[in-house]
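These notes are about the structure you will find just below.
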Amino acid sequence: MSAVSSSGWLYGAIQRRRNRGLGGLYLVVAAFLILYAVLFPGILSVGGFSKFTQNWFPLALVTMAQALLMLNGGITLAIGPLVSLGAVIAATTMDGMFGVPGGILAVALTGLAIGTVIGAIVAHLRLPAIIVTLAGSFIITGVALILLPRPGGFIPDWLSNTLAGHTPVAFLLLVVVLLLWKAFLATPLGLGIYAAGDNPVGAFRSGVPVERAKIAAFALSGLLTALAGLFVAAQTGSGDPVIGAPFTLNSIAAAVLGGVGFLGGKGTMRGAICGSLLLSVMINVMFFLGFPPVAQYVAQGLIIVGAVAVPELLKSWRARR
Amino acid sequence: MNAVKTIFRNPPLLTFVLVALVWLVASFTLRGFGAYGHLRYLLELAAVIGIAAAGQTLVILMGGIDLSVGAVITVTAILLPLISPAWDPTGLVGIALALSIATGIGVLNGAGAAYLRVPPIIMTLAMATFLQGLLVIVAGGSAVTVSNPAVILLGQSRPLGVPSGVLLWLAVSAVVLILIHRMPIGARFLAIGANPLAARLSGVSLPRNTLILYALSGFFAGLAGILVLGMNRQGYVGIGDPYLLTSIAAVVLGGTSILGGRGTYAGTIPGAILLVTTTALITVVNASPGWRSIMFGTLILALLLVSGREARR
Amino acid sequence: MTDQKPLLEARQVFKGFFGNPVLKGVDIALRPGRVHALLGENGAGKSTLINLLSGALQPDSGTIAVDGKPVGRFSPAAARAAGIAVVQQELSLTADLSIAENIGLGAFPRRFGLIDYAELHRGVREVCAMVGLTEPLDMPVADLALGRRQMVEIAKALYRRPRVLILDEPTSSLSAHEAGILADVIEALRDRGTALLYISHRLNEVQALCSHVTVLKDGGVTADQSLSGIDGEGLVRLMVGRETGDLFPPRAAANPGVLRIGVEGFSAGLVRDITFSGRAGEIIGIGGLVGQGQEDLLLGLYGAIPAKAVKAEVSGKPGLPADVGAANAAGLVYVPADRKHEGLVLPHSIASNLILPSLGRLARNGFRDRAAETGLIAELAKRLTIKGDVARPVQALSGGNQQKVALAKWLPLDPSVLLLNDPTRGVDIETKREIYLMLRGFATEGRLVIIASSDTPELVHLCDRVVVLREGAVAAELSGGAISEEAIVGAAMGVDRKGAAA
Amino acid sequence: AANCIKGDRKAPYTVGWANIYSVPTWMKQTEGTIAAEVEELKKAGLVKDLMITDAQGNAQTQIQHIQSMIDANVDAIVVIAGSSNALDRVISDACDKGIAVVNFDSLVNTDKVTAKINTDSAEWGAGAAKWLADQLGGKGKIIVMNGPAGISVSDDRRKGAQPVLDANPGLEIITETNTEYNAAPAQEAMTSLLFANPEIDGVLSLGGAISAGSVMAFDRQGREQVPVTGENARQFLELWKEKGLKGWATMQPNWLGALSVYTAVQALEGKDVPAFVKVPLPVIDDSTIDSYLARAENFPADGYIYSDYDQALFDKLLAQK
């Protein structure tokens, strides 16, 4: 062991080890991607790849936002409304005095602020996250409806074309976000979020600022969610006060599919991202297979259950041998 | 002073007191809110949530969750008229069939969670998706108006002035409370919810209890579906949707931990009433939809501040 | 040396929980270059006191002083900054993080705000070498056995290069070998001038390591004195406050009865292809270094993990129990080592925990019989001297009392085979005596007791036969006079000649 | 030629039907008319395939579906928009590819479509308000029941009613409520409103099964029925007859779906089709209700009794300028 102790060894080894248990999911996702490429070779072109990743991108972001909280032992039901609010703010501020930068800043600050407030309520008042965020979701929806009572607003075309045109900008952004996440996870606070999720008492006794970690988790989650809303606004060229609703459940499904546990500290972001990719690519594959709606529903259910159950069954079958 | 302390230590009781306070304040400030008929109607609405949340409470106590509640309600409400045999004048056969289907769905959920080791949240979500597929097939069938006399009786009659739905809820409450507090299985659910590993090593069978619980959850959701059908005289696709989140919210508002192992149905009962009361309160306020949504969220949060403190870890 | 200024002190601290006083004016002073023992029965308030000393709890009144200066609000982070580290019982680890990350948690070396993994690696490797942790540092803690986690916990404290090191029952899940390593570490630290506080219920360790003792009883300090010139019995007297008899009950005349458990070619988890048998009336010890398959052997017999055997007979029936329910039905019960995670439902009441396995048995017409339950609970509490309100959550009990609950809950089942995994872990000496007496009693009644233990004296003096496991295989089987600490440790380390006289 | 059409596509065509949510009965009925129309066109050798997708209420998924339809190079896309703005960009992409895009019911903002087909929502709201004002002689207390907030259809209908309400200052709106276009939530809301308001002279209900819920609420609370507007939901029409209501209804014909397919194929065949096909709103009142109820048995109990249609009707609608 000491023989391989070059400076990056430990970090790399830890990172590799965290793929454990995800092999099954990786295989399933890879199989779907290959199937998709066979059905639609256009995915391998720049344009096709760009479009596909654009459609996946917002789900990937909100899945990260959800997984981040679940790793910390929390959960949020306010994802959908916050995506909507992010889109609404983007679409209502970009024609204002400060233009696009002002709009982006406004969205980011809103996400951070809402996350921080929810986090502070959960951490300091010791209220269950699930119901605080449920209440929060109504309030956020209300604000979005007041700002923009019906779909509309304005996003400059160049922004839409940059973020969601025929170039893989969304994918690159995702890579950047993932790198930032990796960097964050390599900070004491980042690991603290993990530790506080798994064993809050122990983490506290080890000197981790447990409450600050929780608030940070909510704040970052809010930021990611609001930015997903910004992207949706750019992708669609407008704001819509209710467009985000389905993201709430989908973000939870993707995270759990990716092996993130409910109780905190269990799971990995890479798994969660894979979960969201599976949910996204599944839609396209089912389309190209020509499934009618009934089959779409049934297949979707089967794929979701199968992606979790098959690796699990294989594991216990192997253990039994 | 001591009485106040007892109330604050007892989440279900506290939630009941909150409900009473909200009713009182609303009755004095809003014309018509406190009318007997209105309160009775609110109870009737709460009955649906309460019955759906009965299964949800049990499942959450055991550390799981059931996201198929809404879909099961819809499926029951849509299927019941279709499967009620014409030769049965009482309609009970149809009810029994519908409940068996709902219970069967629950058993499938439980089997997935217990044997395939699929996290309940995923299993029940996938089940809800399956059921949507089923609805694509059966919905729009031509006989969705219910003619089943037992169902209509359940939804419309008021023996001694009390809606049958509320009576049904009382019965369900009694059964669930007995199950949790007076039967061995209730203690096992709680133990599994708090520490599945220790429970298993203490001889509590996880698969068996999981199956039983999700079956019960399916059953109660089915019962709620039948009641909704009776109250609306017609099922339609989406009729169960509102009950997914409300059933969970009622459980959590009642002081039950979403992580399992701690709580009681006695808290869910006032939790359900609190939810419908809040909704009704917001409905009669004349404001734009945005402001109404904000008021609803704020009210829930405010009530939570009083009732929902999580115990120290 | 001892008149050096104390590094860390508690002065007249009071602490209670929900109105129940635990510490009522306690003083303690930790001086550099001294190993200070803190003794007391289960629930005396030792852990509470160290939680105060390490900032994890705030005293109700009284002060904590560092270097003679009282500190205001003390937090774990502040304590670390002051050079105070605590070895907690596997309590502060995060299962999904690696060994290295766990060791560094709360004290990470940083570069540009990021964790400096290279530096972490260096530091962690050093402390791991000190405590003999040879597992890959990237391994998640979840994969470690309880005893190994304890070593990680120790390494974690050392990593902080503490001036004051507090060890709360650090050896309770360690075997003699690991405990020896720890003792060396402690001595080295002491010689370097570290102030140490050592809590243990293994009095021989206290005697070997410590030079000063504080004894807690009923919330107060009953002794605060040097240990020089005090022998083992004196120590017990200090703690218990009176003369006590032998710790271990006399062995009964060996006359094993019917075969209760017999397996050939048995494999489960780490255990590979072993042959093992036990008869009514026997107490069989399972020894070995930490994590050599002792737990898997018990769990496999109990039907809790997949197991197979070429030939098996359990309670007169062929085959292994398929699951825990079947094992219980066959008269097998299991008391896990990790009581907090496996043995008890911590947030639930003592009563609910005691009654859990008997629920079905006591029910009448499907309903719970409250009267019968209350009676049984009262009887169990009395039999195992679990004091106080049984409606309290077990979580609020001290470690030793938790252990009693984990054991007591099985008694109503009248088991014929008891599988015990370190049943006296963290249990105070008086309670240990009671438990040993009880186990011997069980054997005399014709039950089979199989006890995996990290406490070697326990194996030597309590057991009729000892099986030593090494890498999942039987390294030695000792019985009667052949059972000795040397033989057990020797076999465990693999330096032994094949199973002396079996 | 018509918008988007480049003339390089040859019969038989592949038609994509990008549904936002296939489960509600109205949608199912609509899909029925589409499928029937496709059968007709197949017989005529004009269509070879119908691809159906179901976005499960998620506008984001619908974007993904339409993108997949573009990737699969379908010849025509028929779409009900899940959000009035969100699909703009993907739909104009489709249009650029020469795909015939026909949008009906819920319309998109962009004009880069072959045709939009719809009734006039503003006219709907105005017509309903007008009738109610006439019924009440221009004064009285009314309750407005509308579909979900944040959706352009409900907003448009409500906006259409406003000028009429302004012109009748005697009409006092005591409360406005938004619910899903379903009976149960409407009944629930109306019941609370009934208790809070002892005097109600009329209900301005703007679509779906909301009116049925409202009527049931009056009925169950033993309140005297008041004039009410609504849509052609079978349940409402039956209650109307049963309770002898003063009622008015219009409809969003399900055969807009069939018409859309027909229009797409016509456009692909090189016919000029109008960019906006305005479908007149029929009026259901006491004089016409019997003709609807006479056909009730052919429709699902929770469905909508739509008027008869045939190719002649379609041709006539497409002939308008």
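Here the chain labels run A, B, C and D in written order, and each chain numbers its own residues starting at 1.
Please note the rule applied: a contact is a pair of C-beta atoms (placed from the backbone, for glycine too) under 8 Å apart; a residue touches a chain by one contact, two chains touch by 3 or more.
In UniProt terms, the chains line up like this: A = Autoinducer 2 import system permease protein LsrD; B = ABC transporter permease; C = Sugar ABC transporter ATP-binding protein.
Treat the numbers as computed from the prediction; the structure is a model and nothing was measured.
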Most distant chain from chain A by Cα centroid: C
Interface with more contacting C-beta pairs, comparing A-B to B-C: A-B
Geometric centre distance via CA averages, chain D-chain C, whole Å: 71
Chain A and chain B (ABC transporter permease): spacing of chain centres that average the CA atoms, whole Å: 30
Separation of chain B (ABC transporter permease) from chain C, taking each centre as the mean of its C-alpha atoms, in whole Å: 44
Chain A and chain C, separation of their C-alpha mean positions in angstrom: 42
Residue list for chain B (ABC transporter permease), restricted to those that touch at least two other chains: 132, 136, 289-290, 293
For chain D, residues contacting two or more additional chains: 22, 54, 56, 149-150
Chain A, residues touching no fewer than two other chains: 144-145, 149, 201, 293, 296-297
Touching chain combinations (by label order): A-B, A-C, A-D, B-C, B-D
Chain B (ABC transporter permease) residues within the chain C interface of the complex: 178, 182-184, 187-188, 190-191, 194-195, 197-205, 261-262
Chain B (ABC transporter permease) contact footprint on chain C (complex, rising order): 302, 304, 323-325, 327-328, 334, 336, 341-348, 352, 355-357, 359-360, 362-363, 366-368, 409
List of chain A residues in touch with chain B (ABC transporter permease) within their complex: 75, 77, 121, 125-128, 130-132, 134-146, 149, 200-201, 249, 252-253, 256-257, 261-263, 293-298, 300-302, 304-305, 308-309, 312-313, 316
Chain C residues within the chain A interface of the complex: 54, 56, 75-77, 79-80, 86, 88, 91-98, 100-101, 105-108, 110, 113-115, 117-118, 120-121, 124-125, 136-140, 156, 306
Interface residues, chain D side, partner chain B (ABC transporter permease) - complex: 22-25, 28-29, 32, 54, 56, 149-150, 174-178, 180, 182-185, 187-189, 191-198, 209, 213, 216, 220-221, 235, 297, 299-303
